[in-house]
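Below you will find the structure I want to go over with you.
A, B, C and D are the chain letters, set down in written order, and residue numbers restart from 1 in every chain.
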Amino acid sequence: MTAAASVKEVMATFIARDIADGEEVFVGTNLPVIRAAALLAHLHHGPNMRVMLAHTRTNLYHTPVIEHFQLLADWRGARWAEGYFNDNEIVLYQKSRRDSVFFVGALQIDAFGNSNLIGLGTDPRRLTLRGPGAIATTTNASHVRRFYLYVNEHSPRVFVDSCDFISTVGWAGGGADARRALGLPGGGPRYCITPLAVLDFEERSKRMRLRSVHPGVPVDEVRARTGFELIVPATVPETPSPTDEELSILRRRVDPQGLLRE
Amino acid sequence: MGDHPADVLSGAAPAERRSVVLDERALDSWLRDGMSIALGGLATACHAMVAVRHIARRRLKDLTVIGSAVGGLDVDLLIAAGCVRKVICPYVGAEALASIGPFYRAAAERGEIEVWECDEGQYYTGLQAAAQMLPFLPCRGGVGTSFPAINPDLKPFTDPLRGETLLAVPAIEPDVALLHAAHADAYGNVQFVGTGYADRLLWRAATRTVVQVERLVSNEEIRRFPERTALLATAVLRAPYGAHPFSSPGFYLEDRAHIAELVDAGRAFARRRDRGPIEAYLARYVDAAPAHVDYLEAVGLRRLLALDEYTG
Amino acid sequence: MTAAASVKEVMATFIARDIADGEEVFVGTNLPVIRAAALLAHLHHGPNMRVMLAHTRTNLYHTPVIEHFQLLADWRGARWAEGYFNDNEIVLYQKSRRDSVFFVGALQIDAFGNSNLIGLGTDPRRLTLRGPGAIATTTNASHVRRFYLYVNEHSPRVFVDSCDFISTVGWAGGGADARRALGLPGGGPRYCITPLAVLDFEERSKRMRLRSVHPGVPVDEVRARTGFELIVPATVPETPSPTDEELSILRRRVDPQGLLRE
Amino acid sequence: MGDHPADVLSGAAPAERRSVVLDERALDSWLRDGMSIALGGLATACHAMVAVRHIARRRLKDLTVIGSAVGGLDVDLLIAAGCVRKVICPYVGAEALASIGPFYRAAAERGEIEVWECDEGQYYTGLQAAAQMLPFLPCRGGVGTSFPAINPDLKPFTDPLRGETLLAVPAIEPDVALLHAAHADAYGNVQFVGTGYADRLLWRAATRTVVQVERLVSNEEIRRFPERTALLATAVLRAPYGAHPFSSPGFYLEDRAHIAELVDAGRAFARRRDRGPIEAYLARYVDAAPAHVDYLEAVGLRRLLALDEYTG
């Protein structure tokens, strides 16, 4: 009955299913997949989630259609507010929001999920490419129970042997104890979601491992477009597609404009 | 990955948004011996007395009580009931009504409670550290004083950048914060009449927060003035006159006659080690009043209605 | 025309004249002299003062009569609010309120203006007298441009050679450099006001010095009731009395109940 | 005692409460070369653009610009005008409208500006230190990363209590904070529509704070909702549409066409080192518009009125 799910709809669904009721999500602006994932989780199985939107906290479980706002500070997104928060409070007061579901973008990611938003080059005073900067990723990823790496491009220039700079720690030099050794209370990266696949971290070494490929993506392509040695199990499942119910929530309530189908 | 809520939840999603409104009797599940408990309000206002009396009624033991920065007689009552091992509070008293809490003074002088000596700057610094998930935060107040000698938890150190001497204050981490506010909806959106003192910080620092409110209101009423929402409670307890004998901004003044009863009982104990008056007080207002409404009846409706801010 | 000023009215007037327009004052509750001093300064020459009352900030320059509230948290005092503040903000954010006019009470005060609110005794675990505690005096007195010591009793048990404990630093071991050596940015105690006299601190040694005696108080009495060697100049003036204008503001607008005349 | 205001004031008391409302032309007295200037708002909203354009018009030099945590193109404009020596900001850009500020990127890559590399946690920690008059505050975010190597001001140290490794962040101390808000009275009582982002903290950290407002209101209107008063400004500037081309919550949306002009000028410079477009932009919107109203006329009334939040 519904048209086949797009790759972005598959990605959003995978993430949404991993978000539990009661957790805190930020309805982002710049990344439609992450915005859709947060709202799908909320509307599908998360009536008690804390939904952060335009520096307000709300609950949209009964909101028929959630308009998409392209900019973080678009005040129209505050119409549903149950409370306001100040930007500095949300970044500094980590204890009251350890269950925040956090996403980290990157220019570069290494085999242990360490990532770089600072820039490319060797001399930080003369970067060959000045990156956007770390925003809140460094501090949030140090404290939240888990976070997700998310990139729009799956290529050897993103997935590198070693980042030029590290702005967010994943599993540092590797090993399940790596973060504890650094004194980071956060749970670390759980998955890395790309346009080709879902990657996770092998339990002991915490090296990146291919968990599933999106529909139609060959395993070899993922391996070829990853710049480091990726752990590839004997059998790699396909990233599951949304159910009709999930797809209908996505297309009717979350993304009627079809940003995920472009 | 057991830390990940998705693994914990059965996967069967609740159909609707859950109410966090608590039945008084369910307070037991939030409180136990040995806990570290933060009490909100300030001085003679807005203490969570339904919860405090509940603790006293249960005679919980070995509590670390983190009173408000200007701690009230809520702390004194818990000491009187024998619930307290340690007090973290820059002051305990009721100003002109009792320059210092009589039970607090007596217990401290007799070494029956441990006092974590601090001023408000050190106190708030420790709570701030907990809220930020830091092991400590630095504070200048106390440098050159007797505080580090009296309270070895306040450790002088040299700041790594400019070499100044500061005090390192360890995180003060309440297991639960017990607050009293004007109103909240069923989902824990709490709004104050007034400033809320430092209750927001207690909430940020505490693992859980139970808030008594004068009124339960609709979610729509909360959304009407979202800028007034001060914090998100883990649980909400409907408690009209729930700060009595203390004041509740916008609702009622403190009950000076009742406070005098408590203070006099304290002085009898402090001066003559006579526990008669406080035992009588506890029997009447705590033990014989299992529910909040029983307590209010014991106080009496006429008395309560006479506490109005502007006709009082 | 007006009856002679009471000692408390003289004390309040002395303090009020030392408070400048534009400064921040807390309208206290427990100490009528300090409350009256703050309001007299505001109404007499401080139309731009920040008046802190019941955890609100306001301006009462045109308020005909300012009702006295006995308790810090009496919400009726908030009726004039222009803004609210949280207790933790006021204590931690010292930079935006260095011009706050601050008063420190004490169980004991030594010759260099160090003071004690903690208690009396030798073993802090078994104080012979448990004091009320330092409230915010320690931190505020470390930062504000100046503060005042204020006591209701002038006797050898208050003015001691050495405090059992020090909760607030005055001039430490003495000397104009004592506070800088400790790294305390605040300006230190400026005056000590008692029911008998006004004391200041000799410029070089920062030892306490008799500055003026209140009307009718003999210099010898002050010396006799001070437990340490007080610097007494050859001539000691009398603490000036309020002008008719000041007295009329006190009695009509600030203290119609006559708390200062009891 | 020269530090004591009573000695400074002539003793002659002003007869009335002073207005802190500023004439645009008086902005000069608040700003000078080499200053450390904090800019409020967030991303594409609520930047103090009247003040920012004033700085650009004067071509002030060697400024340290402390942008908002998600810094906008206000920072980029100052870099374009050659006013900036150093940027303290976790991000500079306009999200979907410009993933990174083009002048910021070009100047940083060419080493023409110094970037104080930080994330939001380190940034807010430094401002918090200034507000608390502390030489530093600790931060966990950055441990295990390249930040300390790139920015030696972020110094790893061992916490004196538990021995954890943390970063010491020095106080970030703005000489002046330039903010934009909804309204204020003549005495500097500032209220926002919306959250105010982190403007309260910039105010607490800064030595002085100048606030542009959409509306000047009566003191009585401020007293109607005192709980909404966010900060007390040192000076207030009436500036309707004063955040343009950025949005002002409750008043207008960002002007995307105008922002595109600026971004395109930036890209011409970044890609071809062609300063033509930005010089044309500066000539038209900055130099030829000495007063805010001149700027608004250059933008055009039709354009301004088309930025409405709900009919737009």
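Note that contacts are C-beta pairs under 8 Å (C-beta built on N, C-alpha and C of every residue); 3 or more make two chains touch, one makes a residue touch a chain.
In this text, all values refer to a predicted model and were calculated from it rather than measured experimentally.
More C-beta pairs in contact connect the chains of B-C than those of the other pair, out of C-D and B-C.
Centroids built from CA atoms put chain D at 39 Å from chain C. Centroids of chain A and chain C (each the mean of its C-alpha atoms) stand 57 Å apart.
With centres defined as mean CA coordinates, chain D is found 30 Å away from chain A.
Residues of chain A in contact with two or more other chains: 56, 78, 84, 92, 143, 185.
Contact of a single residue of chain D with at least two other chains is seen at positions 133, 140, 164, 166, 195, 227.
If you check each pair of chains against the touch rule, the ones that pass are A-B, A-D, B-C, B-D, C-D. Against chain A, the residues of chain B that register as touching in their complex are 3-6, 8-9, 13-18, 130-133, 185, 187, 189, 203-205, 219, 222-223, 226-227, 229, 232. Every residue of chain B that touches chain D in the complex is listed here, in rising order: 133-138, 140, 155, 157, 159-162, 164, 166, 168, 170, 195, 227-228. Against chain B, the residues of chain C that register as touching in their complex are 29-30, 55-56, 70-76, 78, 84-88, 91-92, 116, 118, 124-143, 165-169, 172, 182-185. The residues of chain C lying in touch with chain D in their complex are 18-23, 44-48, 50, 56-57, 59, 61, 78, 80-84, 89, 92-96, 98-99, 143, 145-146, 185, 187, 190.
The residues of chain B lying in touch with chain C in their complex are 41-46, 68-70, 89-93, 95-97, 99-100, 104-105, 108-111, 114-115, 117-122, 124-125, 127-128, 139-147, 149-150, 164-166, 193-198, 200-201, 247, 249-250, 253-254, 309-310.
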